[in-house]
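First the structure, in the form of structure tokens, and then the observations on it.
Chains: A, B, C, D, E and F, in written order; residue numbering restarts at 1 for each.
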Amino acid sequence: MTEQQKTALVVSAHSADFVWRAGGAIAQHATLGYAVHVVCLSFGERGESAKLWRKGEMTEQRVKAARRQEAEAAAEVLGASVEFFDIGDYPMRADTDTLLRLADVFRRVQPEFVLSHSLKDPYNYDHPLAMNLTQEARIVAQAEGYRPGEKIVGAPPVYAFEPHQPEQCEWRPDTFLDITEVWDKKYAAIQCMAGQEHLWEYYTRVALQRGVQAKRNIGITASKHIVYAEGFQSVFPRVTEQLG
Amino acid sequence: MTEQQKTALVVSAHSADFVWRAGGAIAQHATLGYAVHVVCLSFGERGESAKLWRKGEMTEQRVKAARRQEAEAAAEVLGASVEFFDIGDYPMRADTDTLLRLADVFRRVQPEFVLSHSLKDPYNYDHPLAMNLTQEARIVAQAEGYRPGEKIVGAPPVYAFEPHQPEQCEWRPDTFLDITEVWDKKYAAIQCMAGQEHLWEYYTRVALQRGVQAKRNIGITASKHIVYAEGFQSVFPRVTEQLG
Amino acid sequence: MTEQQKTALVVSAHSADFVWRAGGAIAQHATLGYAVHVVCLSFGERGESAKLWRKGEMTEQRVKAARRQEAEAAAEVLGASVEFFDIGDYPMRADTDTLLRLADVFRRVQPEFVLSHSLKDPYNYDHPLAMNLTQEARIVAQAEGYRPGEKIVGAPPVYAFEPHQPEQCEWRPDTFLDITEVWDKKYAAIQCMAGQEHLWEYYTRVALQRGVQAKRNIGITASKHIVYAEGFQSVFPRVTEQLG
Amino acid sequence: MTEQQKTALVVSAHSADFVWRAGGAIAQHATLGYAVHVVCLSFGERGESAKLWRKGEMTEQRVKAARRQEAEAAAEVLGASVEFFDIGDYPMRADTDTLLRLADVFRRVQPEFVLSHSLKDPYNYDHPLAMNLTQEARIVAQAEGYRPGEKIVGAPPVYAFEPHQPEQCEWRPDTFLDITEVWDKKYAAIQCMAGQEHLWEYYTRVALQRGVQAKRNIGITASKHIVYAEGFQSVFPRVTEQLG
Amino acid sequence: MTEQQKTALVVSAHSADFVWRAGGAIAQHATLGYAVHVVCLSFGERGESAKLWRKGEMTEQRVKAARRQEAEAAAEVLGASVEFFDIGDYPMRADTDTLLRLADVFRRVQPEFVLSHSLKDPYNYDHPLAMNLTQEARIVAQAEGYRPGEKIVGAPPVYAFEPHQPEQCEWRPDTFLDITEVWDKKYAAIQCMAGQEHLWEYYTRVALQRGVQAKRNIGITASKHIVYAEGFQSVFPRVTEQLG
Amino acid sequence: MTEQQKTALVVSAHSADFVWRAGGAIAQHATLGYAVHVVCLSFGERGESAKLWRKGEMTEQRVKAARRQEAEAAAEVLGASVEFFDIGDYPMRADTDTLLRLADVFRRVQPEFVLSHSLKDPYNYDHPLAMNLTQEARIVAQAEGYRPGEKIVGAPPVYAFEPHQPEQCEWRPDTFLDITEVWDKKYAAIQCMAGQEHLWEYYTRVALQRGVQAKRNIGITASKHIVYAEGFQSVFPRVTEQLG
């Protein structure tokens, strides 16, 4: 049983979200031996590809292809597998088939933990949709009566990764993950996102700020040197045998 | 460095609170090798000793003595040390001397983690006072300029243990501690509280309910048998290297 | 006018929810002479019938039939009528026809008060859907222009009954209903739920805890002996002529 | 036992607050036979007597005397008794003696219910102080060990009456009291407040708005004609035997 | 550039909402030279036309026609243009076509600011739907990849206007707009709503109350005479060069 | 009247807070012609002078003197006047004399707007104390009966500037102030804080992040180039004549 590889699931509304918001967590857990799987619900072809569209001579297919390439490159750098649901964005809509498709991913991956977007984001309605879809898919995947006989999933913790304007999204980090050791991988993955270069330094600063904050929340015996961190908000309580 | 014994601090408004609300955590960490220290701000002589007062022939000194005895017995069962500030209850008031006295306890104990009451409790104003005092004492103990030269404390996590009517106190557990292994110790400590027998079964049921809930929040590889649990609400974000 | 029988409406996402969460309220009001009507939106065939599925040789139809039988038996014990919308669960989806069907139930029943689920439940997305459907159906049933000429409904109070993990659902009881007199009926109804035996003692403890809490919120002239209670959260303000 | 007169307690930060904010409730319960007692913590001599100060030739004693006269006249119109703690305003400060003095009022009055200010008011820090003092006094009065042998109080419901800018105070009415029958008394009491004439029409409109809102929250069998109402926010859950 | 007329967009769930809730803002900005455009998603034919339905001999078409006439008259009085999406009410449902139709209005109007309903309203589910539709349409209209080549919109501020029972909708005004100068226009527009005469005085009182409150929030150099005001809640932070 | 210089008041718990958190606002309004006055309640001698204490040979007086020098230099760079209440820190305590002293500053300064700390800060109890003191002093200064005859203050807007860990303080910026033009002054003032060099880059990044966010909240006609910004949270609603 203990020989089984641990796994994690990341659900990203657009094909770059997992890089900015969870790239450190992905690289960190890949390093720890987890098989991390990313589902991109869309390519962000309409809403997050402004630079590509401004190039001219663009079609939705070309934009999608370029975005897919970037995302695959980033996932490889981070050490994760990635798949694309291609359900469209701005607006994103998920029907029951999409929900069950994601539930099936839960069944297949059997994740130890799950990452997706914040439950509120007034700047981007696709993000809460992705998180709600993720949570409902997890619930369906827990049901004995959905595809009876398959192995159901347990109750893996779900975390909301950091949105672009955290306070406006009522997102509060309750967990800081030290990503200092894997920061070079995250920054390399960030650099795969050629279409959104204006965000490279923004998310570098986010990682540095969260790093400083993480250091301010360490107890007395810790002597770690944290420089970069990512923040996460738990959806569910955690279960533990030790509080220290 | 690693040979140093880990420590924890529990701040209890009245002399029985630490038993009902954190007895499992105390016993569990004592078992894990922690030196757990309990500060009782008062004996609960006015507000939580109804049964004693109804005996007749009582004075505040006699009530305090009886309560002290119960608390010391309970602490011993749980494996913790205990001290009494004796600042009175109903109403509890803490002046700056009391604050600094508690800051000095922080400096002396250097706790890995801290437990106290919820920040809101419309049924009991002594409880939020205890938590606020605890948090401010921790802040003072972190200051280089308070008793310069002494070893300051780090930023140990602070948890609010469970109040009597959790929803009315806006208390939401984000951490469940499995106390199944030490339940017998907690129940033995509970039985030391002769004056509040009506609460024995109440807090047994609390532990069972939280046990069921803990099981509902366990991820996929967990195969533990949890029967009893305690819930805690974190005041600060935790810092970690792994989300699974 | 006063001879007219008073009525109440309970909307249950799955066919057992009304028993665990509102069985006492149903029995209590049936005893008081109310005609209480229960709408079960689904049988909980996928998500809340694990024990049945594990029996083997099961089909969705068999599970539904077994669940219907249990729910009808429980309703009879509690003294309520029950109907089943059979719209499926995990995931539950309600189209406009279902909404209007429920609005028609409101028109037919003309309830004095309404009970359904909490508006948030991260463990179960069917529950908030049921409450939202209930609230919107009530609004449609109030509209003069919906089926013009029919008798519209007033503004009956709506209460959210207790979810499984109340704090995680941001559910706060503002009303405790004394169910001591009808507890035997509720427990008999609970025992009809053969497929979910693990919940019998859980909800017995819930009733005992809420009973203790109810006693802690009684004013001075009350001398009642409350042992069992159910908690409810009001959606709307109540209108009264007396505050005492 | 049933022959005992029911009682209520109103704690007003300044000597006119009870009129604007709870005058209808006072008159209504006086009409129902309650002995309603009002405690005015201050005369509002500094902060709510601008018109008097502008008259010139004023001293704090003269302002207080004028305010006392107005408040006594208003209390008489409403049918309540009134006493004045005279602890000052802008800023208001309450020491332990004041707390115990109010606890003693609780013991003496043994109220069925209690009214005071909202727990937040960024426009007036005296108001939250009054409510916190009221709640803590109630808690002290419940303690067997405070003045042992005296009759303790039960757990009477506490309501926050309406602040001047309700949304800014995070005050949400969960209870509307119909005061149509006693509106003439409330308006007569309002007219006793010669120093704050600018508020007369303001609070008339408040009563009319709350009246309209109350009508929008009445269930189906109600056929009442509500014109004027007061809103209240409950601090504690209520205990009942009927939800309809 | 500065010669371009400024514009504003108001999205109203039913055809009278914009009058009660934003009529002052519309008239005020029309006076300031803005081209204000109103989109009525429905005529409120089912839910807000009780008086018309009670006339007898009514059909949905006749009700709609009467409501359209009232709304057009009111818009003219206020100085705004108006269009009707006619998507129905009680329940209101908006498909993707409706969303894109509204996004196209955003692109066409290029509003400086946007007004719609509160995000929560337990009395009326059409209202939050309208606001969510508005916000999502604004997001789609911002996307370079939606109808590539068209002029996208910026990030105009969005405000929620006042719901009928503000506290129950968790609506808190953070902006008071002085409408004293245009009150006569707002009241004239209100009088166009022949079918809802019971609301005329209600919303007059709302404007007076908000006027008094606005005066209580004015800094020291202001010497304005405000009698009538409207309250608004911002969805997004504002950007400014001066705090005074 | 219009010739009078506009003024602003900043209340800083420790002598460096006004630089990190409001230095841009101070410089910006000084540039606009405001007389900005800063009150430092303490020198931060105990809690925010770690580097000084570690130098050795230190006394509280020497630390205070060094901190005073830094703060005065920073204020001069920003173009503000500064005074020091010297009430101590870690813990900070403010008695009634301090409150009235600050009320007298309000009377003297007659500020157009006021800046202070967030109302919650679990990392630093001095910060909420400073904001509460500021708000209560403003209220006292508004009272006709406090020092009758003096010119009272109006209702100047109060803003909470940014705390160190914004989400943990439940602080949400609703106002972004463009400080691009004065950034060089703010950074020069920051460099006066020799004792807290570790914060220089932290608050540079804060200003850059808020600058990016500000740009994401600008409406359509804005064409400004914002690089640096400060965020503020309003305590009170603002009053305006234009929403665009």
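Basically, a residue touches a chain if its C-beta (ideal position, glycine included) is under 8 Å from a C-beta of that chain, and two chains touch if they have at least 3 such contacts.
All of these numbers come straight from a predicted model, not from anything done at the bench.
**Q** Would you say B-C or B-F is joined by more C-beta pairs in contact?
**A** Output for the comparison: B-F.
**Q** Could you put a whole-Å number on the gap between the CA centroids of chain B and chain D?
**A** That pair's centroid distance is 37 Å.
**Q** Touching at least two other chains at once: which residues of chain E meet that condition?
**A** In chain E, the residues touching two or more other chains are 123, 168, 173, 213, 216, 236-237.
**Q** Name the shape of the chain contact graph, picking from line, ring, star, complete and other.
**A** Looks like something else, not a line, ring, star or complete graph.
**Q** Run through the chains and report each pair that touches.
**A** Here the touching chain pairs work out to A-B, A-C, A-E, A-F, B-C, B-D, B-F, C-D, C-E, D-E, D-F, E-F.
**Q** Which residues of chain E touch chain C in the complex?
**A** Chain E residues touching chain C: 45-47, 49-50, 53-54, 58, 60, 63, 89-91, 93, 122-125, 168.
**Q** Along chain B, where are the residues that touch chain A in the complex?
**A** Per the touch definition, chain B meets chain A at residues 1, 4, 6, 8, 25, 28-29, 32, 34, 110-113, 115, 153-157, 159, 173-178, 213-214, 216-222, 226, 229, 231-232, 234, 236-244.
**Q** Once bound in the complex, which stretches of chain D touch chain B?
**A** Residues 96, 99, 132, 135-136, 139-140, 142-146, 148, 235-237 of chain D touch chain B in their complex.
**Q** Mind listing the chain A positions that touch chain F in their complex?
**A** Result: residues 123, 164-168, 170-173, 202, 205-206, 208-209, 212-213, 216 of chain A touch chain F.
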